[in-house]
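Please read through the structure below; I'll follow up with questions.
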Amino acid sequence: MRALSLHLAVLALLLALHFVLPAYHHANLARIMVLAVFAMGYNIAFGYTGLLSLGHALFLSAGMFGAGLLIQHFGLTAAPALLIGTLAGAAMAALTGLLALRTAGVSLMIVTLMFAQAGYLTLLYFGAVTGGDEGFPVPAAGRVAFGLNLAAEGPRYLVALGLFALALMGNLALVRSRFGRVMVAMRENEERSRMLGYNPFAVKLGVMVLSGLYAGAAGAFYGVMFGYVGATFATIPYSILPLLYVLLGGAGVTLGPLLGAVLMFYLIDLASSHTTAQLAVTGGALLVLVLFAPKGILGSLRERGLASWLP
Amino acid sequence: MAAVLALSAVGLSLTFGVMRVVNVAHGEFFMLGAVLAWVVVQAVPSAPLGFVAALILCPLVVGAVAALADTAILKRLNYDPEATIVATIGISYILQQGALSFFGPDARAVEAPFSLRLQFPWFGYSGYKLFVVIAAGLVLLAVWLFMTRSRAGLVMRATQVDRNTARAFGINVDRVYAGTFALGAALAAVAAVLIVPIQQAHYLMGHDPLLLSFIVVIIGGLGSIRGTLIAALLIGLSDGIISMFFTPTLAKIVATLAVALVLVFRPQGLFGARA
Amino acid sequence: MASVILQAEGLKRHFGGLKAVDGVDLALNAGEIHALIGPNGAGKTTLVSLLSGRQVPDAGAIRFDGTDITRLPAHERVRRGIGYTFQITAIYAGLSVFDNLALAVQRGHTRDLSRAVTEAAARVGLEDLLPQIAGTLSYGHQRLLEIGMGLALHPRLLILDEPTQGFAAGEIEGFMALVRGLVPATTVLLIEHNMDVVMALAERITVLDQGRVLASGLPAEIRANRAVQDAYLGGSHAGD
C-alpha cells in the first residue's frame, strides 16, 4: 500500500511539474523520463535478475531505428512506428539473449558489449539507409500520433509522462508478481533456483526480452519525440548510461532509475556548463559508486532499514 | 600490425590471467602511451633521441598510473570481477578526459625516428615498420623469458594459480597485482609508442586497440599467453587478407561477431584448451 | 514386491583419476525410506547429484517412474517430482523466509499463496519466522528451511543430503516424525551419518564405499554384514 501510494505520488508530482517548470527544465524532464524508461529496462535485467549487460545500446537503437527507418523510408505514421520500434527492441534482445545467455558474469558482459559494437558497426555499414554517424532527422509528418504533435513541447511532455507511468507501474507489478520473485531468486542463487524446478535460461531469456521491450520503447519514443535518429545511440557510452543511472539511483529498486537519471542528467549538465569535463564526471561517478555506494541511493536507504518496504 | 597487436594483447592477457581482471581501460593505457610519446618527442629536440626517450619514459609513466589505479581502486573492490569492470570503465572515461583536457581533441603525428626504405626486388617496405616488428618481437621475447624464467615471473604464476596459497607462502599478493597491472599497461604503452609514427595520437584512439586486443585475447583463450601470441599473428595476418575482400567496416563486424560467438561456444578460446 | 519408482544402472562419475561414483546400481521402491550411508568421501553426494541432474553421469542410465531421465536437465527432473535438499545449506540468504518458501510453493500454481506458504512453514516449525531474512536465522533454522523448501515442492521422491547435520538432539525427534509422515505418499532417499536416525527410519539401506555399492538390504542385514562393519561401522558396532 505504502509503495503504491509512493509511486502514484511520484507520478502526480511529475504531472504537476508539467504546469510549473520553466521551459528549459520542462524539456529536460521529458528527455529524462524517456531515458529513465531505458534505465528501468536495464534495472529489470541488472538490478533484479543480476544480468550485467554492457550492450543495451543495441536494444535502444533497435527501437530508435526500427521506428525511425519505417517513418523515413516507408512513410509510416508515428503510432505504428512506435509500436514496431518497441517490439524491435524486444526482438533484438531475444536474439542477443539466445546466444549471450549461454554465458554468465564477465563473459556475459563482454559478449553483450561485442554484440552491441557489431550492431553499431552494422548501422555504419548501411550508412546509405541509416544515415551512418550523421543520422537523420525524423520527418515532421511522422511525429504525430493520435492527433498529438510530439514535436510540440506540451504534448511531448505528457506523452513522455504517459510512457513513463506505464513503464513504472508495469515494473512495479512485475517485481511484485511471482515471476518477479523468480527473477530475484536467479540473482541470489541460480543453482538453488534450478533445484526448485526453474529453468534459469528460460527465466533469464524472458527477462532479457522484457528489458529489451523497455529499451526499445525508450529508443522509439526518444527518436520520434526529439526528431533525431543516429548511430551515436548505438555506441558503448549509451550502454554504460543506464548502468550509471541504475547504480546511482539504486539497483533493484523501482524508483532507482528515475532518481539516477535525474541526478546524473543534471550533474553532467552542470559540469558541461562550467567545464568541458563531462567524461571525467561520468567516470568519476562510476568510480565513486562502485567504491563507496554499490547499492545506490535508494538501495542504501532500503538497506539501512529506513525504507525497507521499497519494492 | 600483428606484432603491435600482440604486445597490447599480451598486456591484457597478463592482467586477466594473473588477476582475473578484465581491464576495459586497457585501450586508454594504450592511448596514454601514444599521447605521452607525442609530448616527449616534442620536448626532446633530436628526433631519434626523443623517440628513444619516449620508448623508455612512456611505459614507466603509464605503468605508474596503472599501479596507482590498482592500489587506489581495484584493490578496494577486492577484485570482484564485475565491479572491477565497472571501475575500469570509469578509469577509461577519466583517462580520456585527461588526454582531452591536456592534449586537445586533435590528432597529432609523431615522426618516425628514421626513414629508411628497404627496396626489395618486387616491393618496397618501410624500414620503420620492419623495426617495429623486430622491436615488438624482442619485447615479447623478454616478457616470455620474464614469465617463465625469472623469480618474479614464478611468483606471478603462483599467484595466478591460487591467490590464497600464494599469500600463505609469504608472497605479497598486493604488490604482485599492482606490478602485473602496471606491466600489462606498460606493454600497451610500448605498443603505442611504436605505433605512433604509423598512426596518429588521439584521445579516442584507445577504442580500436582495445577491441582488437579483446579479440586476440578471447580467441587465444583468456589468460593464455601462448594462445594470445598465436591469435595475434593469425589476426594480424588475416587482417590484411580479410580487408582485401571486405570493406574495413564489414571486416570489423565479422571479426566482432566471430569473437562473441567464440566466447559463447568455446569459452576456453580456440587455442586455450590448456592455458 | 512394491513397484520401483527410481532405478539407476551402472552410474559412473569420475573426476580425473578419482572414481567418485564407479558403477552404481540402485533401485528405490515407491513409498519407502531408503538410507544411503558410507564414510566421508564415499561418493554419496555425487551419486545423488547424478540422480537429481546436478551432474551428468559419464556412463549409466536412470529411470524415474518408467521413463528414462538420464539426459533431462535438473529443473525438468524437479518438475517431474524429484525434490532435492542440499548438504551445504543453499537457501536464499538475502530473502525472507516467506519468499524462500514461496519460491518452492508457487511451483504448484497455488491460488492462495500466503496460506500455502504458512502451511509449508508450519511443517518445519518456522511459521513464526516468516518475515525474517533467511541469512539471519540460526544454523538449525536454516537447515529446517532448506528441508521445508524441499517438502514444499511436494515431490514424489525427496532426496535429503545429511539433513540432521547441525540439529540439536530435540530437533532430531521432530525431524524423524516429519519424515515418517511423508511416506508412503513420498519416497525418501536419505543420506545420513547419524546411525541412530538411519536405524530408526530406514526400511532399506545401501552402503557406498569408494564409489561402489558395498552392500544393500534390510537394516538387520546391513548391521550383520562383515564387510560393512570393517569398512564403515568400525569396531564399535562389531559386537552387535
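Letters A, B and C mark the chains as written, and numbering starts fresh at 1 in each.
Operating definition for what follows: contacts are C-beta pairs under 8 Å (C-beta built on N, C-alpha and C of every residue); 3 or more make two chains touch, one makes a residue touch a chain.
Composition by chain, UniProt nomenclature: A = Amino acid/amide ABC transporter membrane protein 2 (HAAT family); B = Amino acid/amide ABC transporter membrane protein 1 (HAAT family); C = Amino acid/amide ABC transporter ATP-binding protein 1 (HAAT family).
Bear in mind the structure is a predicted one, so any value in this text is a computation, not a measurement.
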Chain pair, most C-beta pairs within the contact cut-off: A-B
Reference subunit B; chain at largest CA-centroid distance: C
Intercentroid distance (Cα basis), subunit C paired with subunit A, Å: 44
Between subunit C and subunit B, distance of the C-alpha-averaged centres to the nearest whole Å: 51
Whole-Å separation of chain centres (CA-atom averages), subunit A against subunit B: 33
In the complex, subunit B residues that touch subunit A: 22, 73, 76-77, 81-83, 85-87, 89-94, 96-98, 100-101, 211, 214, 218, 247, 249-250, 252-253, 256-257, 259-261, 263-265, 267
Subunit C residues touching subunit A - in the complex, by the definition given at the top: 52, 54, 73-76, 78-79, 84, 86, 90-95, 99, 102-104, 106-107, 113, 149, 153
In the complex with subunit C, residue positions of subunit A that touch it: 178, 181-182, 184-185, 188-189, 191-200
For the subunit A and subunit B complex, residues of the former touching the latter: 52, 54, 99-100, 102-103, 105-107, 109-111, 114-115, 117-118, 121-122, 124-125, 240, 243, 247, 276-280, 282-287, 289-291, 294
